[in-house]
Amino acid sequence: MPPQLPGGARMAIRILITGGTFDKEYDELAGSLFFKDTHIHEMLRLGRCRLEVAVRTVMMVDSLEMTEADRATILANCRQAPEDRIVITHGTDTMADTARALVAAAIGKTIVLTGAMIPYAFGSSDGLFNLGSALSFAQVLPAGVYVAMNGRCFAGDRVRKNRDSGVFEEG
Amino acid sequence: MPPQLPGGARMAIRILITGGTFDKEYDELAGSLFFKDTHIHEMLRLGRCRLEVAVRTVMMVDSLEMTEADRATILANCRQAPEDRIVITHGTDTMADTARALVAAAIGKTIVLTGAMIPYAFGSSDGLFNLGSALSFAQVLPAGVYVAMNGRCFAGDRVRKNRDSGVFEEG
Amino acid sequence: MPPQLPGGARMAIRILITGGTFDKEYDELAGSLFFKDTHIHEMLRLGRCRLEVAVRTVMMVDSLEMTEADRATILANCRQAPEDRIVITHGTDTMADTARALVAAAIGKTIVLTGAMIPYAFGSSDGLFNLGSALSFAQVLPAGVYVAMNGRCFAGDRVRKNRDSGVFEEG
Amino acid sequence: MPPQLPGGARMAIRILITGGTFDKEYDELAGSLFFKDTHIHEMLRLGRCRLEVAVRTVMMVDSLEMTEADRATILANCRQAPEDRIVITHGTDTMADTARALVAAAIGKTIVLTGAMIPYAFGSSDGLFNLGSALSFAQVLPAGVYVAMNGRCFAGDRVRKNRDSGVFEEG
């Protein structure tokens, strides 16, 4: 299948929010990090994004605490979405695990997982860069599961996070 | 040609800097906007980008002041670059004109133009989002000239900036 | 008169907005700087300011374009304000001129002028620092006219902006 | 003693760094907050501060973990400083405790404690506002111990942090 050139007929993209560093905020009374609402709408606005997107917050969890039941929920949301192209925001620590679970399910859609090393709310986040990247890969790649991090795109079953460097690599 | 899956062999990308809002700074003595150096290196660092990129500042101009000679210089840089995949940062006002000039030259490389509506230095820029987007499209699209703005990707000879809304659209 | 210790009975402070770099914004369609609304309310919120303040936008002008009639308007606002302590946000280029005009009027209130070298909207402004400074000087200094810039406080009739360095100094 | 008008002879200010939210950073590998170096130099630069300041990092601790020995160290640093005017950056949770300890020591200098509810590194900090405020109070108030938070200035032995609102108040 040749890559569909975006910009012809607009294609709709589903964005599933699952939490992760992407959406962490600073609780100034407790002095700790927590989840409130997703920043995705503000980020799409800042990016002047004009894609047709449908956002759904599936959960708001630290990916180290994500269970198999959570992954089943994410998979169900991918299946049920009317869109064939899906971006999932996800904590980086177990992003590769969720990608593998989605690969195994083989649902025949283009699914791109992405996340951030720095919370968007902290002003110097890689999240805006990664979001632009993930939405772009999602528009042109054929059905499959991918991880978009560090400007690169990895096959969902051949990627891992290097815990020493914080960088994603094949493996 | 099927889309090459990035993340296998790393591909090198040439980034050509031409100026535009992307790189404008605030001159606090004169109270006006001006060009100094490109912010691309800082942006790639913030985005934790690990692509193999080669950056070259070709010019630093407001795109309203870009001449045909300037466009010839950009084209020459595209031709001479050893890389087959090129991202060009460019002012938005005449981005579509430069894209058309590159389409006409038909040099057989994947060229993606992008820019920003807000200077990166102003903290709330769409530039980081667009840069992530352009670098991603550049990795997977076949040879051709494209404009990556607003999260979308347009064919280089069928795009224009809507001056009332500031949004890119087909045309 | 010993300095009144703030924190006892709360004192009210009048904030007069006159424009200047402090409140400039970036017009992304025109690519130029312009005035819209003051950012003072957002700045006071960010600073978690709990002073009793009354904000009034007197004008929104570049201080290089400020006329004698404008200065008369500022003076009238200082006189008419029920508060004895006043902070004025002002463009830096003619801040010293307005300060001298207020000194000459000798209205017996504590008036502190301040401004910014970088627009607040650009994210890296000195405006938040200067605002904290001006509000503090305004609480403890005796009646008189002052300029609060660069962390320092100058007598209103012995201050000038060094146009080469952008720094305020005695003179 | 009448308030000395700053801007005449420049007075030197000692800044003592003790840690607190002010200087917390985000560890992107661990996903948690930690201390590295103080941001005070960058903040003074952003604020275009031209005061003569001497900065000394005394400790880098969360104020909830500050011991009596730590407070003795802070007091010793206040005594030994050649300057008569001192600003101390401090975590907000026990700032009032340290202020009381300094009041009890009665060393005859002007000491202003300040801090932040949001880490400076998070981009939307109250720290820059508070720093401008503390440096200004330190220049004009007579000898004594003060807390500068929320734009206000409190006597060091009559202040507390309201843990529900995060706001400082008399008490």
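Per-chain numbering from 1; labels A, B, C and D assigned in written order.
The rule is short, and it goes like this: contacts are C-beta pairs under 8 Å (C-beta built on N, C-alpha and C of every residue); 3 or more make two chains touch, one makes a residue touch a chain.
Everything quoted here is computed from the prediction, not taken from an experiment.
A.B. asks: Among the chains, which is located farthest from chain B on the basis of C-alpha centroids?
C.D. replies: D
A.B. asks: Chain A to chain B: how many Å between their CA centres?
C.D. replies: It comes to 24 Å between the two C-alpha centres.
A.B. asks: When the centre of a chain is set as the mean of its C-alpha atoms, what distance in Å lies between chain B and chain C?
C.D. replies: The computed centroid separation for chain B versus chain C comes out at 41 Å.
A.B. asks: Express in whole angstrom the distance between the two chain centres, defined as the mean CA positions of chain A and chain C.
C.D. replies: Averaging C-alpha atoms per chain gives centres 45 Å apart.
A.B. asks: Can you tell me which residues of chain A touch two or more of the remaining chains?
C.D. replies: In chain A, 117, 123-124, 166 touch at least two other chains.
A.B. asks: Does the chain-touch network form a line, ring, star, complete graph or other?
C.D. replies: ring
A.B. asks: Which pairs of chains touch one another in this structure?
C.D. replies: Contact pairs between chains: A-B, A-D, B-C, C-D.
A.B. asks: Could you pull out which chain C residues touch chain D in their complex?
C.D. replies: Within the complex, chain C contacts chain D at residues 1-3, 5-8, 10, 43-44, 46-51, 117, 123-126, 128-137, 139-142, 148-155, 158-159, 166-168, 170.
A.B. asks: Quick one: which bits of chain C touch chain B in the complex? Just the residue numbers, please.
C.D. replies: So the residues of chain C touching chain B come out as 21, 24, 26, 28-29, 31-33, 62, 93, 117-119, 121-124, 163-164, 166.
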